[in-house]
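Next come two complexes, and both contain chain A; in the first it sits with chain B, in the second with chain C.
Our next item is the complex of A and B:
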């Protein structure tokens, strides 16, 4: 257990330079875009005079140099403070705390859906590579992969929410419903069905195809041949021998996908009006709100680091060689 | 009440014979209910006394009321917190008589002190429009709790102030704001007003909830129990929420024009174009007069001749707009004149003007190149940018579209002046002096959005604008603004292309829709639900 703790700490410490580079890069990018938060605010007001713009810039600390603003923000992070959002006019910490769970629910469910369903279908397809079932599944998943997620989201909403009215069109829960406990959880789950399906279906193909090719490869290898020679039933070889070995690259993909999902959720959150992280990032860019955008990036980057850490730990569990190798160094 | 009950009784008796959909509407007319409205943005500052913009009014006008609201009746104004207003002979004072028996949502009585405080501490020093409109306001006297006398240092036309009242005169409670940092006061997040609805709840990214003010001064009002503004940033999501019956109303054209035909055919939904007359948007071509070619009147005239307004109306606005003749829209009942210089679509005339101006066709038919910056925040301005590029190519002007996002566009055009032509959606707010003359008056400091940042300076036009600003006589003032339209169309500091107003998509169950020319941004006391 102590070793595990050391690994986690070392990983987090190792990610600090990466985080710094990401933060500085994002800040410079946003700063080089034309216009600042006050321009965006004046537009939303439908105009204002020059003196008012100057007063606002002073009020929000935008009159300093880019370097001083960046150092100020990083200094805040060092003190454990996420700072103040210019566009929302609120402290950023609570905003993140409000939005993060929605995105985690969305991403977590979508990842679980695409991973579980994708690998299960991949096992089916990889059992008999080249069979009709294999071709139908591989072709179908590629078709899903080629669909833009916002379009899939809109189509799902039109069919299941507008035409059939089985599920709500948008939102994360029924507005001001007064529900609590299990009733509220069920309500949120109902709202998540369509966005999770839209986001998860797209990435399903990736998992399916990796699983399938891993399986196809395993069939030609000695250990499956040996298992077969020992007279093991077909399903046991498929699950315990071929599939377990094919799982490793899948888990690698899972870590990488956690970052891609975050990008995909920007679109899905807009289409389904879910107040999540992706939409927050988009609002931050549109409002030229550097402190908010940096906080979103910082949190997202931390999430990706943590996801990859979990993936590494899962490696050790799935493949004992990985864990023992690290132990000897 | 009696009538409703007896009618309901009769109807239930014959219910079996009636179509089931018609019944509840008749029986429960104006019986409370929750109105759910699509909102596409969340204003950063919700206080309408500080930010007088349509995005803010959309939500906050139900809570905080102005002295008067726009009206379709003669005179154009309906009294709200003020019941009367009168200007002095010399134009140096305006006396407002205030409504009796009004109280704030926290129970404190409303009085002239609140009006004086709002005018002197908020509208004049802080409000985006009030800062210029009330620049000459010196003091507000309150001889009694129901009288407020505005004292001006220069003659101020009553007509101008009256026309501006619905936009600039949102009254704040003095006892809540006095002695605090008004811009950051916590009450800006949980508004306290005198309106028909009280602030309920705000969940960022999700919804605003407003609830009925049971002690509203309007007898029997409001009809609704509460209003929910659902935040739906995606326009397709707004349309499907309407179709699924999750939302009753989407305003400000949040349903794309291209979808309107389809939506209008959905049973139970209607497209309404009324209720926006006092917030007409104008599609204009902003011109940078620092650019040598564009400083030549003949070139500006050629550009005006190159624009086929009929095509623009049919293709971009799908008929939901009017051709503009000048800086005042034709739907304005007071100031508009059609007697101005017009520029009919005429490619040959445009080419001849460019030849005369000394810009002959070069190799490949191109005379010169320009940077074109369409405002990115309206679909109509972006599409018109694409059209204008083609229209100019037809007369030998190579317009290169420079893309920006919203904040980038504002900076590029209004601060950096890094444009030759720009396309803007400006707003005509019932009086040319409020937000129209600023588009052509010289001497605007850099960085002021929706003002003359094109470097245009015409002393004659400036003098006219200044004279109209202090002209008290109503007819004389109107005549001056008609001259203003003639001068602008003759010299083309900018080119007005179309005047458009928004569309609403409304469920048929909603009653009391579009009852005034600013309906979407008014208080909705008379709006109800019949389901």
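Our next item is the complex of A and C:
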């Protein structure tokens, strides 16, 4: 366990330079915008004099040269302070801590759904490549893979929330319902069904396709032939030999797709009005709140780093040929 | 290469849809002349009820079919341009990294890493918000999140080509390193990148749609994403306003995949199992 901890720490430390590149790069991009959050704030207040604007800029480190602003921001981040959101008039750290769980629930459920269902259907399709079942599942997955998630979300909302009235149209939970404990959890789960389906479907299709092609490849290889020669039953070869091997590229894909999924949840959160991380990014854009947008982008980069770390650990556990990730790049 | 391609019905179907789409996009001003955003009739005519307005009208009485046709123009133009920019930028960086090696390679690949851990859509959002929504900004914003794949593929290919005899020969002939890298090696690193080109184009079309759905597309062009967003207000009474442009998007993306898959298979000589 101590060794695992060291590996994790070493990996996180190794990602600091890349995160620093992200921080500086995004800072410079956002800094080049004409008009800052103080302008947007004063506009929303109905105007203000130059002295007030200058005072606000000094307070939020928005005055001086780009370099001094960058150093101000770097210093803030080094102290673990994400800065102050002018648009929301609150410190950014707590805002992110408040919004992040909703997005994590959305993404976690979508990942679980797409991974479990996608790999299971992929095993079914890849069990007999070229069979009718395979062609139906492969064709269906290509179709699913081509559907924009935000549009799928709208269609699902029309059918299941507007027409059938089975599920709520939007939000993360019923407002002021006074529910607590399990009742509240069930309420949130009901609200999550449609967004999770909309976000997860495209990945379900992707994972199905990867699993299927991995299975199809495994049938031609020596280890499945050997298992067959040993007289193992068909289902054991399918699950223990072919599927276990085909799972490896799928796990790799899980890490690679985490960034894309985070991006996808921005649009899904907008469709279903979920007060999550993606909505926060949009609010930052609308309020010209560069410090907030910077913090959102940096936190998502950190989340992608952590997701990839988890994937690497899982990989080492699934494939004994790979160590626990120590010393590998 | 053409025979196995033509023998696959799904590739033919995809190719036909894609060709039709490109023709519609190219000749949109001839097929649906005039301003697609002009008022053409009563508002909210349902589809298939008026022969003059086959797909009906939207909330403001604009011809949905004309909007759809002009939206195809934006989708195709942005999708192809963004993919082109991403492939070109990725190839250049990947080739430079793979050929230069050493500190230059390490630095360039760190930058690729940095771009890969930032969700491309968030980056596009940030870029559009800074540069202001216009067609070219949207193209660049999409390319920002798409160039790392080609860069990695090109670098891997260049690394294996770097030590070949023809490179040594070019050095002996006195070619400059830049000339060897970009004129001799880079074209050879293209095939693995082309194999994923259809995925890049499809992703670019989807990203453009998502950006304009959020109101960050070019406000002066008709886009399918913006049409879907517009229709959202009438989701209860006139869901077709959002559903029809979505179907157009799905058809575009699926035909791109079908053609791309068939092309990849015949390029790599791998037949369908």
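Operating definition for what follows: the second predicted complex is superposed on the first by the 297 of 329 C-alpha atoms of A that agree within 3 Å, B and C clash if a C-alpha of one lies under 4 Å from a C-alpha of the other, contacts with A are read in each partner's own complex, and residues count from 1 in each chain.
The rule is short, and it goes like this: a contact is a pair of C-beta atoms (placed from the backbone, for glycine too) under 8 Å apart; a residue touches a chain by one contact, two chains touch by 3 or more.
Just so you know, these numbers come straight off a predicted model, no measurement behind them.
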Mind working out whether A:154 is in touch with chain B, chain C, both or neither, as first, second, both or neither?
both
So, A:33: does it touch chain B (first), chain C (second), both, or neither?
both
Just checking: does A:162 make contact with chain B only, chain C only, both, or neither of them? Give me first, second, both or neither.
both
Determine, under the contact definition given at the top, whether A:50 touches first (chain B), second (chain C), both, or neither.
first
Which superposed partner A:176 touches (first chain B, second chain C, both, neither)
first
Name the contact category of A:305: first (chain B only), second (chain C only), both, or neither.
second
Would you sort A:266 into first (chain B), second (chain C), both or neither based on which partner it touches?
second
With both complexes superposed on chain A, which partner does A:18 reach: first (chain B), second (chain C), both or neither?
second
Would you please give the residues of chain A that touch chain B in one complex and also touch chain C in the other complex?
33, 154, 157-158, 162, 270, 285, 288
Which positions of chain B touch chain A when the two form their complex?
36, 41, 43-45, 51-56, 128-129, 131-132, 183, 200-201, 203-207, 209, 228, 230-234, 236-237, 240-241, 243-246, 377, 404-412, 415-416, 427, 435, 445-451
Chain C contact footprint on chain A (complex, rising order)
15, 17-19, 21-22, 25-26, 29-30, 32-33, 129-130, 142-143, 145-148, 150-151, 154-155, 157-158, 162, 216, 259-260, 262-264, 266-267, 270, 281-282, 285, 288, 293, 296-297, 300-301, 304-305, 308
Residue ranges of chain A in contact with chain B within the complex
33-37, 39-50, 52-53, 59, 87-90, 95, 98-99, 154, 157-158, 161-162, 165, 168-172, 175-176, 270-273, 275-276, 279-280, 285-288
Once bound in the complex, which stretches of chain C touch chain A?
110-111, 113-114, 116-123, 125-127, 129-130, 145, 202, 206, 209-210, 213-214, 216, 228, 232, 235-236, 239, 242-243, 246, 249-250, 253-254, 257-258, 273
